[in-house]
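Please find the structures below.
Below are two complexes that have subunit A in common, paired first with subunit B and then with subunit C.
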Partner chain A sequence: MTTTVDLAAQPAAGPPVPRAGTLRLIRSELRWVLRRPRTLVALGLLALVPVAIGVTLTLTDGIRAGGGAERGGPSLLAAVAGNGLVLPVAALSITMVLLMPLVVSMAAADALAGEAAHGTLRGLLLAPVGRVRLVMVKAVGVLVVAVLAAGLVAVTGWLTGMVLIGGDGLVTLSGTTVPLGTATLRVALVAGWVAAQMAAVGAVALAISAATDHPLVVMAASMAGLILFGVLRSLSALDWLHPVLLTEGWISVADVLRDPMPTEGLLTGLLRAGCYVLIGLSVAVARTATREG
Partner chain B sequence: MKRRKATLTAAAAGTVAGVVGLGLLALPTSASSAPSLPPVGAEQLVESVLRAQPPAMGGAVKVDNALGLPAVPGVPEGTALLAGGQARVWLDGQGRGRVQIASSGGEQTIVHDGSTVWRWDSASRTVVRSSHPEPQGVPGTVDPSAMARELVGRIRSSSAVAVDGTARVANRDAYELVLTPAPSERTVLREVRVAVDAEKRVPLRVTVLANGSSDPVLQAGFTELTMGQQDAGLFRFEPPAGATVKDAERHVDGPSAKKAGKPTVVGDGWDTAVVVDLPKGEGGQDPLALVKQVGKPVEGAYGRGWLVSTRVGSALVTESGRAALGAVPEQVLAEALGGAR
Partner chain C sequence: MTSVPLAARHGVGAAEAAPTPAARTAGLRKAYGDTIAVDGVDLLVPEGAVLGMLGPNGSGKTTTIRMLLGLTAPTAGTVEVFGRPMPDAAAEVLPFVGALVEGPGFHPFLSGRENLLRCAMAEPLLPGRAGQRQLRLAVDDALERVGLGHAATRRYRGYSLGMKQRLGLAAALLVPRRMVVLDEPTNGLDPAGTREVRQVVAQLHAAGTTVVVSSHLLSEIEATCTHVAVMNRGSLVAQGELADLLDAGTPTLEVSTPDREAGLDALRAAGVAARAEPGGLLVELTGTDAPSAVATLVRAGVAVHEARRRRTGLEELFARLTEDER
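Coming up: the complex of A and B.
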């Protein structure tokens, strides 16, 4: 009897109401995220990018004649010709600049702001699920999209590279040859690294998502942030600021194609992404916790 | 309410931790204090630097440059590094070595395996093989500390040499050797500082300072260094599948060196000037056309010309395609052009 009285006295505070298991929550969230047609279409299109690059390179017999390397541009593509295992890395480095963040921020926008726009967030906030847990479940949903995006690009890139371009082993940028198994491991490594960077983008997007009721704002703000970072990075007068920018280390993706592999840039990039994840999730939790239920 | 407060506290702590983490990443990593080392005489230090055998070591070299030079497309390796880049270096202490100069999305590898020098360029996917390398030129191509040693050897006779404290470079203790030009030298440089490893007497960092500026105009040094035996596989090179392998012509460094003619060295020490004939290029690749764009028109006994000035020196190019370069004022270059005619 006393318990019921306590419950009535402080309905929102304690844990006495039976709670849904976290795993079950995550499962239902993932079902919700992955059945969304726009998520599937976006991921599918993303997976087609390496195929498109591979086909173009095969048809045009490489782009070496274009002299892309001279301008210091994405000469990674030049290294793809006859060297199929470079394709997944090149595709990841191209898509991670804007396309992948777009997909991830879309998922983050749907996660909280989208629910708010539909009026369904209110129900979630009142449900017997802690708000921290709610944010964490949503974060897992975004993380899965990030991992899927990077993984799909890496897998289709690997397959396209092997089928269309071929080559046994990987000729590194340093001029050495790495056997197929090690090269595949390196592709997996860089895919994981890109997923971590995308998780950082997603965490920040989730924080914006928690702060607004309009999904479009989330996507616009994420994209604007990335473009702003790009602009800041091009200003050499602000080079003291550059190590703080998330996109600063993204050029290290090419490091997996060097031999011996330099790990410093990748490691710094990973730590930087970790800091962004921490900040993004903390802000998202704080904002959701203070939201009117 | 209590729980909400705890959540907010945790969130604030998380945000702060993230921001602090980012701040730590942004902090420069040097900032270690100067080590205390037994005093050493300047001449003695120079002697030991010139005599030291290159040890087996591996590390990363970083070049910072504030010359304000425009990046010139199509110039061979080393230039990209000089424009502010990074390279990784391995030496086995017996004359073999490997250098990898990284650019965004590409790399140039130079391997000296004892008898052959291989130069790999990932952008063009070509390997240039020189089977009879000049015995003198080889260590310099793969060993940055050898270049520093050569620099010290060249300018010491016309410099005041001093030891100015100690430094910590790439986690190793080093003496700071300072070479200041003698008063008779006509140069735009103020001093060259060389950080010399206290134990192995290898130059670890070279800093060039020009008159009228406290910031170095050029600094090249190890950011990371491990002494000791390196993986033997690093000192072999096998051209990868699909690469074009070319044999270099004897004693010719690059394709343009032959066309350019032999450089003449005028003077010695700090006010050395080098006079060369510019190679003739076609279209936008013509060096003379480039000089006309970036240079300032000047006139003198040599006729009409263009002067390209940077903070560490100048280049004077005449209409006929002769060029004088050096870390010297314009007047010295004009004299060099006159003298070498």
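Coming up: the complex of A and C.
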């Protein structure tokens, strides 16, 4: 207490401007993010998706086993039969289309627009937490939600797959068998890759969040964007536009189920996500710098 | 509109004695599109003063406060806090400023203590190596100070309006400040809460903290402030020390007496202006003083039950300043 009194006695004196440690701010942000009931409910429900898929597949047993040499979600599901380690990959590829972006954009919506709506953003600006630092701290919060979302789906998918479906190692789409350890690594890899894609969605959502006081606008805009990307991708006349669409590379998730694993699609997807993150964060910082507190 | 006529007469002299005012604005203007919220405001907050900002709704009090705190960028004009330009020097200045602006802002799903802890973790003046325990101590101190100790673990969602207001006050008082800015601090508070806010302001003042309080409650300002700034329709119409502003009108003595006619006659005979009001007389103290006016009455055999100096009253002053331009 005495130290703070001393500081108050000689304020704004000289260069050593007091500021709260960035780590402390991040810790505070994470506490807040991970305590919010709706974040927990959303993550919990997301984690249940692989379980639901696993249970459904087990109960309806004997769907056309091994019918899925094609790429994409539904065919991946067919490949799950008798091949438990495909389940986490299939679950990731299904949830990443809409459910996971929904959870991530919700976190981004609460991060800035939600705080503004509650009047708590003003408190942070008055503390003061610098505006650039504020966006960075918020970005970490959103990133953690993205990582948790992808990680949880991968973990519950892996567990469900092993327990309900089983299988010794992973039978790839190419027909070869990958041992359990390597297969688990591949699941972890694809979970990380999905988290990166979700970080890209989160960064863009954060940029929208920085420009409005209404969390609902952020979620609606993010979802509309993803749906619009889907529509644009289905129009072959616009194929010159496809390389810049975030969702264009998402089909590469199934690549980890091939042997040898093709890396080009995954790397391109990572690069694309990186660009979206950069653009999203830049816009978020620019908008926050001039925003009314 | 003639801006700050009274300041020229009463306020500036006192303020010039202090070298650096806690806050100062010059030619401050804020326009939102075609709407001009604040125009030509030259506000001066002397160090250590308790400045009451007074004005009808929409007169620009909150906008001015928001510009003082760097939350809103002025369209034109300059703001200085502790002699540093705002909002550029916000990082240096704001740690020493506590503020409650536009109502309390907290998260409904967290308890009062958790909400304050979140504020504390962003608070630069709570030392970097402060463990969770030290932060909690600061938080509990602040909660006790505003009388929320008993509700610390309850969710903010369930707080009454007054409790929310108190929590906002607690956040502004988390660490000792050099200046505290309170925008309508007594909104939603019961009389006991209002009294407590007054006590908090008095404590801050006693500790040498500069306080800026905006309120539409005149009695609030009159009871707690040393200085007053009156705003009307985006302009500062008066500022200065409270006592000076109150004495600016004609000094008057209020005499309660049953013999009004006799009293009036006696005073007129002595050349003192007076008029009757229910229950007594109003004596204008121009060219005379209270003792001789009372002596005149008593010598004439008029029964004087009570005589007291009547100040103009903030309400009257306020009405005069904000209504004569319509």
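Here is the rule we use: the second predicted complex is superposed on the first by the 264 of 293 C-alpha atoms of A that agree within 3 Å, B and C clash if a C-alpha of one lies under 4 Å from a C-alpha of the other, contacts with A are read in each partner's own complex, and residues count from 1 in each chain.
The working rule: a contact is a pair of C-beta atoms (placed from the backbone, for glycine too) under 8 Å apart; a residue touches a chain by one contact, two chains touch by 3 or more.
Remember, it's a predicted structure, so these values are computed and weren't measured experimentally.
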| item | value |
| --- | --- |
| Partner chain(s) touched by A:I279 [first = subunit B, second = subunit C, both, neither] | first |
| Which superposed partner A:P37 touches (first subunit B, second subunit C, both, neither) | second |
| Partner chain in contact with A:L125 - subunit B first, subunit C second, else both or neither | second |
| First, second, both or neither for A:S28, with subunit B first and subunit C second | second |
| Winner by number of subunit A residues touched, once subunit B and subunit C are compared | B |
| Contacts of A:T177 with subunit B and subunit C, given as first, second, both or neither | first |
| Partner chain(s) touched by A:W240 [first = subunit B, second = subunit C, both, neither] | first |
| First, second, both or neither for A:T212, with subunit B first and subunit C second | neither |
| Partner chain(s) touched by A:A254 [first = subunit B, second = subunit C, both, neither] | first |
| Set intersection of subunit A contacts, subunit C complex versus subunit B complex | 290 |
| Contacting residues of subunit C [partner subunit A, same complex] | 66, 69-73, 82-84, 89-97, 99, 101-110, 114, 117-119, 121-128, 138, 171, 175-178 |
| Subunit A-touching residues of subunit B, taken from the complex the two chains share | 1-4, 7-8, 10-15, 17-19, 21-23, 25-26, 60, 73-74, 88, 100, 102-107, 109, 118, 120, 122-125, 127, 224, 234, 237-243 |
| Of all residues in subunit A, those that touch subunit B in their complex | 13, 64, 69-76, 78-79, 82-83, 131-132, 167-168, 171-177, 240-241, 243-244, 251, 254, 258, 260, 262, 264, 268, 271-272, 274-279, 281-283, 285-286, 289-290 |
| Subunit A residues touching subunit C - in the complex, by the definition given at the top | 1, 3-5, 7-8, 11-12, 17-21, 24-25, 27-28, 31-32, 35-37, 118-130, 290, 292-293 |
